[in-house]
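In what follows, structures are represented as structure tokens.
Two complexes follow with subunit A in common, the first pairing it with subunit B and the second with subunit C.
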Partner chain A sequence: MKIKNLFCSLAFAAGTVLLPTSLMAGDSVTITNEVKIDNFSFGPQTVTVTVGTKVTWINKDDIPHTVTSDSKLFASRALDTDDKFSFTFKSPGTNNYYCSMHPKMTGKIIVK
Partner chain B sequence: MILESAAPPAANAALAVEFVMGVALAGGMILARRKRFKAHAVCQTAVVLFNLVVIATFMAPSFRHGVLPGIPSHLGRSYYLLATAHGVLGIIAELLGLYILLVAGTKLLPPRLRFTRYKPWMRMALAVWWLDLLLGLATYLRWYVRLH
Partner chain C sequence: MKNKKFTELRHLPADNEHLEHNTGTDGVDRRGFLKCMAWAGTGMLWTVSGGVLASKILNPTSASAADAPMMGGFNFVQISDSHIGFNKAANPDVVATLKEAIARINALPAAPDFILHTGDLSHLSEAEEFDTLEQLLKTTKAGKIFYVPGEHDVLNDNGKQFRDRFGKDTKGDGWFSFDHNGVHFIGLVNVMNLKAGGLGSLGQEQLEWLEDDVAHLADSTPIVVFAHVPLWTIYPDWGWGTDDAAQALSYLKRFGSVTVLNGHIHQVQQKIEGNVHFHTAMSTAFPQPQPGAAPSPGPMKVPAEKLRSLLGLTTVNFVPGDKNLAVVDSTLAGA
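Moving on, here comes the complex of A and B:
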């Protein structure tokens, strides 16, 4: 009986540890509403959120950057180190954006 | 580990144009040494006037957008310090160039505002211009180039 209980406990513990990992492995949606700017890049580069979500960008680089949407839906001022910029997405769609000071830096917010 | 530039095309173009102008000014100095003063005047005048276009179309908007919001509060950081030093020295170099053009090429200024010893003024202007060119290169590296 004790051995059976021990086996059940071990199985439960293993399941508890493995379950989130298995969920994450098959998950293509980035569960975050924060985009970090660092070393001339946006991370994650693609973020998927639901309508009404406020996305926040935070500049962790040691030089200023901007967050400017291709469609002019949103545009930040120059963000210095640790400055933040937020925008609430009110309609579904794909929003490509870039840094106007370093146009090679690009990112994407998918709103579902 | 390699260096990679994240500069927009306009910044690359401005850097290239500024270096061409710096070389042209040095070439103009050689023309003066060879007593080809007319060609010297045309060369230096063209560079000083064309630089006004570069300042107005690229340098000033870039400074207003990327640097002005951070000064004086962030002037202690190299990003702002280099760009500000480059901007201030650039204005001095351009004004110096325009002043020399007015004195040497026109009769617009009254005698009390004119100089007669051309060489020291022109040499100083060239030195300030090249120093600012190096500061511009440093600014470019700080703003746009990263280790990858």
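Moving on, here comes the complex of A and C:
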């Protein structure tokens, strides 16, 4: 996470960004709120965030993809190369998602 | 040599992988048949007639009466994966290569009765992409064009625009069938409502329709099935297969001649299983890697001078009395 973003987020509301101090010891957490779509996969495949975090996906492939949650909580339009999609997670839980064009592509956002 | 180029682009599996049942009585063994099929891509047209494998060289520049289909026979063309709207390095000008494919169709010695487009007409389901595709294909010398959607054609609106433009008289998500000179053609849709972690999908409603559609047909009716995603499992890691294809094929088991034509994977692959001949076509836009040959199935960048040897179209010839339809792939390379 860039320093500028961190300051910006802190100014608005503590807890809306990933702060390692807010997590319990022993949690395995990927410190990011960006998912890169590359080579027909979501990376990192599993991202853990706190409630209120906005997660952004960016497509780095030459082929369009979608970000579609299994539960229909969120669904992007087709993302062409370098297109982005964001969703803010307002409640805790595990959100499985996939690409509706290439359903072998799956990922997970865990909200704590 | 032209021949060399063609053999390079083929991935013919070891015959013991896929030719489980050689029920034919044509005297051609498995290995021999596969060799013949490999050669089909060199521009030879193979037909099986009275048990004798016959060939002739496909040469669009030397049209003659002898090349015209026999009485009652006919030919049609399959094109696939035009991806109008794609502009990345693998092919910055997909309109130009589609135009070249159309020129090849229009130069065939016998104009095809119709064209089948097996999906991914567009890259992003944009109206202007569909417009361009439609206008270009109007310049083909073919009576009619039939379409099934690829996953790129049903984005953002569950395929409504595609069906409004290209599937007016279809059922459900765009499936349909028609008869032509005694052959029953079935267009299927396997790019909708895909499940996380899964492959292509036909769905229960379409399967029920299919079972009913073929119920009244005699076993001797030649069947041609076409759909975007392969109806046989080529490489599941890349999603190259259809989850419920086996169910669909079970309805076709009793027929003596079934030809399955697919796209999606932007390369020629084929398999013979019993009476079913599976075949995938090249794209007119960009090639994709052979199964597992790259980290992902994304567009394959090749040197500019090689691109057209990996793009092309498929011509299918039906001769009454012959068990198998002759399926011939030709690339955009060469004269």
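The rule is short, and it goes like this: the second predicted complex is superposed on the first by the 85 of 112 C-alpha atoms of A that agree within 3 Å, B and C clash if a C-alpha of one lies under 4 Å from a C-alpha of the other, contacts with A are read in each partner's own complex, and residues count from 1 in each chain.
Going forward, a contact is a pair of C-beta atoms (placed from the backbone, for glycine too) under 8 Å apart; a residue touches a chain by one contact, two chains touch by 3 or more.
These numbers were taken from a predicted model, which means no experiment stands behind them.
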Which superposed partner A:T106 touches (first subunit B, second subunit C, both, neither): second
Touched partner set for A:R77, first subunit B, second subunit C, both or neither: both
Contacts of A:T88 with subunit B and subunit C, given as first, second, both or neither: neither
A:Q45 touches, of subunit B and subunit C: first, second, both or neither? neither
In the superposition, subunit B vs subunit C on subunit A residues touched: C
Touched partner set for A:Y98, first subunit B, second subunit C, both or neither: second
Interface residues of subunit A shared between complexes with subunit B and subunit C: 39-40, 62-64, 77-78, 80, 100-104
Parts of subunit A lying in touch with subunit C, wherever the complex brings them together: 39-41, 61-64, 66, 70, 77-78, 80-81, 96-98, 100-104, 106
In the complex with subunit A, residue positions of subunit B that touch it: 4, 6-8, 65-66, 69-70, 74, 77, 79, 142-144, 146
Interface residues, subunit A side, partner subunit B - complex: 39-40, 62-64, 77-78, 80, 100-105
Complex contacts: residues of subunit C adjacent to subunit A: 88-90, 123-125, 151-152, 155-156, 194-199, 236-239, 295-299
